[in-house]
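In the two assemblies presented below, subunit A is common to both, partnered first by subunit B and then by subunit C.
Up next, the complex of A and B:
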């Protein structure tokens, strides 16, 4: 039976607020918005050579979520899995000044305004999922075995 | 370009498990609150891009990695990028002393999760003071 899945790769950047927002927005989509079977791919594992993560991204549509315009998650996905189906640049949504804030990064430091940013970015991720061509994920199976099937 | 001599504290920030968030929060507590003069963090996702700027930043830098699972992605990626891993912190080594506790989720830590964060951050601080 075909499994319908979409992968989300978040940068989770540790140096600035944009990374925290990208991480939390990705988690929100996974936990609260059940429009399709969404999974998150662990970017450090993906970059360290995780076969299952890389094969998933080469079989199923993948959306990158980056906290700043360096677009590290997007570039890594393109490098190791060949293509990306959607890309979110958080700095374009919440503004560069917010995204590059190096003072507020920890979860405990976040205020109401930052959670509103999380909601906004999560909405953009959902929009990107909605924009995927149905034939980009329909009828595919994945066994995570490394053969790319 | 001026390079910093600060110790780099680099967590995996793994997004699928609570221990990735514990690693992230512990590293950030260290660099933001405990040792801002001696330590800093560098985005792990940026490190692996291989961009010249980050390669120069990482070259021969003393790094403490914090990993949430046995795959040790932060440590592996930092080594691949030319950083010198002077200590590998494993979150699982600390949580095994807290059997039966609930640490929260990959989105939000519980009070017990933050307790583990405090312990790991204190250990990182001690290590930074030894080497910096």
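Up next, the complex of A and C:
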């Protein structure tokens, strides 16, 4: 079966640079790299019980992008939608020290080196999407209305 | 100087409005020295944020009407001191946020405007009369229908509209809320969506809503005026409206614009009790 759609569930982290890089990299994949049939899932909405988000991740291959090793996005996906198809831990790409930087969070504060990090993480997301196996739907089941009941 | 809030943005990542919540929160963090609650990490580890929220007033910033941050606040039993819904603010400013996930110059200016407005509200809003030892001294008349008893205050300073909302006038201010008839029809009230402090509300304009498992009820303001306070206890205890919709369950407090003019279009106790009596008989509330 060909991959029809892929969801990216990104950390919306507010505490450190890793969250900012996650968001920007996800946006870059969607807007600039224009990966076909890739959509972003809103993690706060997903956690708040968003039916469409949870249902999508239950049915379609989904990749989590986390800013730090707390892995909020990955854990939430596994908790509410079952198996995850790919997981990016930004701290492993840009280093723990960078990921946990609490001084630079706003987009306005980012320098060239941070945008290089964004590019690198975006590249890893694209690679994770490209590596998806045709059987990525295996184990994913439609959950009716998505409420999980 | 603005109060040091703790800010709970929705941090949404599928609409531009969500991105605006984050940028506004970060701006407030920088300028007001406010702390930010990460809505995602809060679900994983709540001890740190519970302590923060207990120490400071909470400002909730939602991107879209789904109100994920507000729901999280309710879930965590946090009292909301102020709430902003970016999509609603954009409508008020007649701004069309972009469809993508990008903050453009338009959104940056919008964020600056929101920030300035919040600053102005902080400077101009006076304390709610809640802090001035409010004493209602209401006398109640009752209407009984089967096992239900509807209470209606019969004081001269209490006015009603035909939308089953009341207002208690105290000087140039009025507290507004829903009547006993509304709360009993709705049954257990689960959610409270107040107007925003600083909102200018027309007479008979919408001024918040409440929701039960049965329906959503939009409060129709008996008076025109500026919202100077909301009953923030309702954010975590909306059932206070069921308990006593006139005293504990007041919704908002207005600084009145044209009290005498507005009164001409309102009804007093005697007329309202007639109307309620008829509604009760027609509906045969069970």
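In this section, the second predicted complex is superposed on the first by the 131 of 149 C-alpha atoms of A that agree within 3 Å, B and C clash if a C-alpha of one lies under 4 Å from a C-alpha of the other, contacts with A are read in each partner's own complex, and residues count from 1 in each chain.
Keep in mind that, in the parts below, contacts are C-beta pairs under 8 Å (C-beta built on N, C-alpha and C of every residue); 3 or more make two chains touch, one makes a residue touch a chain.
Keep in mind that this is a model prediction, so the values were computed, not measured.
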{"item": "Overlay on subunit A: subunit C relative to subunit B, clash or fit", "value": "clash"}
{"item": "Which of subunit B and subunit C A:13 touches, first, second, both or neither", "value": "both"}
{"item": "Touched partner set for A:107, first subunit B, second subunit C, both or neither", "value": "both"}
{"item": "Touched partner set for A:48, first subunit B, second subunit C, both or neither", "value": "both"}
{"item": "Partner chain(s) touched by A:75 [first = subunit B, second = subunit C, both, neither]", "value": "both"}
{"item": "Residues of subunit A contacting subunit B in one complex and subunit C in the other", "value": "10-15, 19, 23, 26-27, 31, 40, 42-45, 47-48, 50, 70, 72-73, 75-76, 105-107"}
{"item": "Interfacial residue positions of subunit A with respect to subunit B in the complex", "value": "10-16, 19, 23-24, 26-28, 31, 40, 42-45, 47-48, 50, 70, 72-73, 75-76, 103, 105-108"}
{"item": "Sites on subunit B touched by subunit A in the complex", "value": "10-16, 20-21, 24-25, 27-29, 32, 41-46, 48-49, 51, 71, 73-74, 76-77, 80, 106-109, 114"}
{"item": "Contacting residues of subunit A [partner subunit C, same complex]", "value": "10-15, 19, 23, 26-27, 30-31, 39-45, 47-50, 70, 72-73, 75-76, 105-107"}
{"item": "Subunit A-facing residues of subunit C, complex", "value": "9-15, 18, 22-23, 25-26, 30, 36-41, 43-44, 66, 68-69, 71-72, 100-103"}
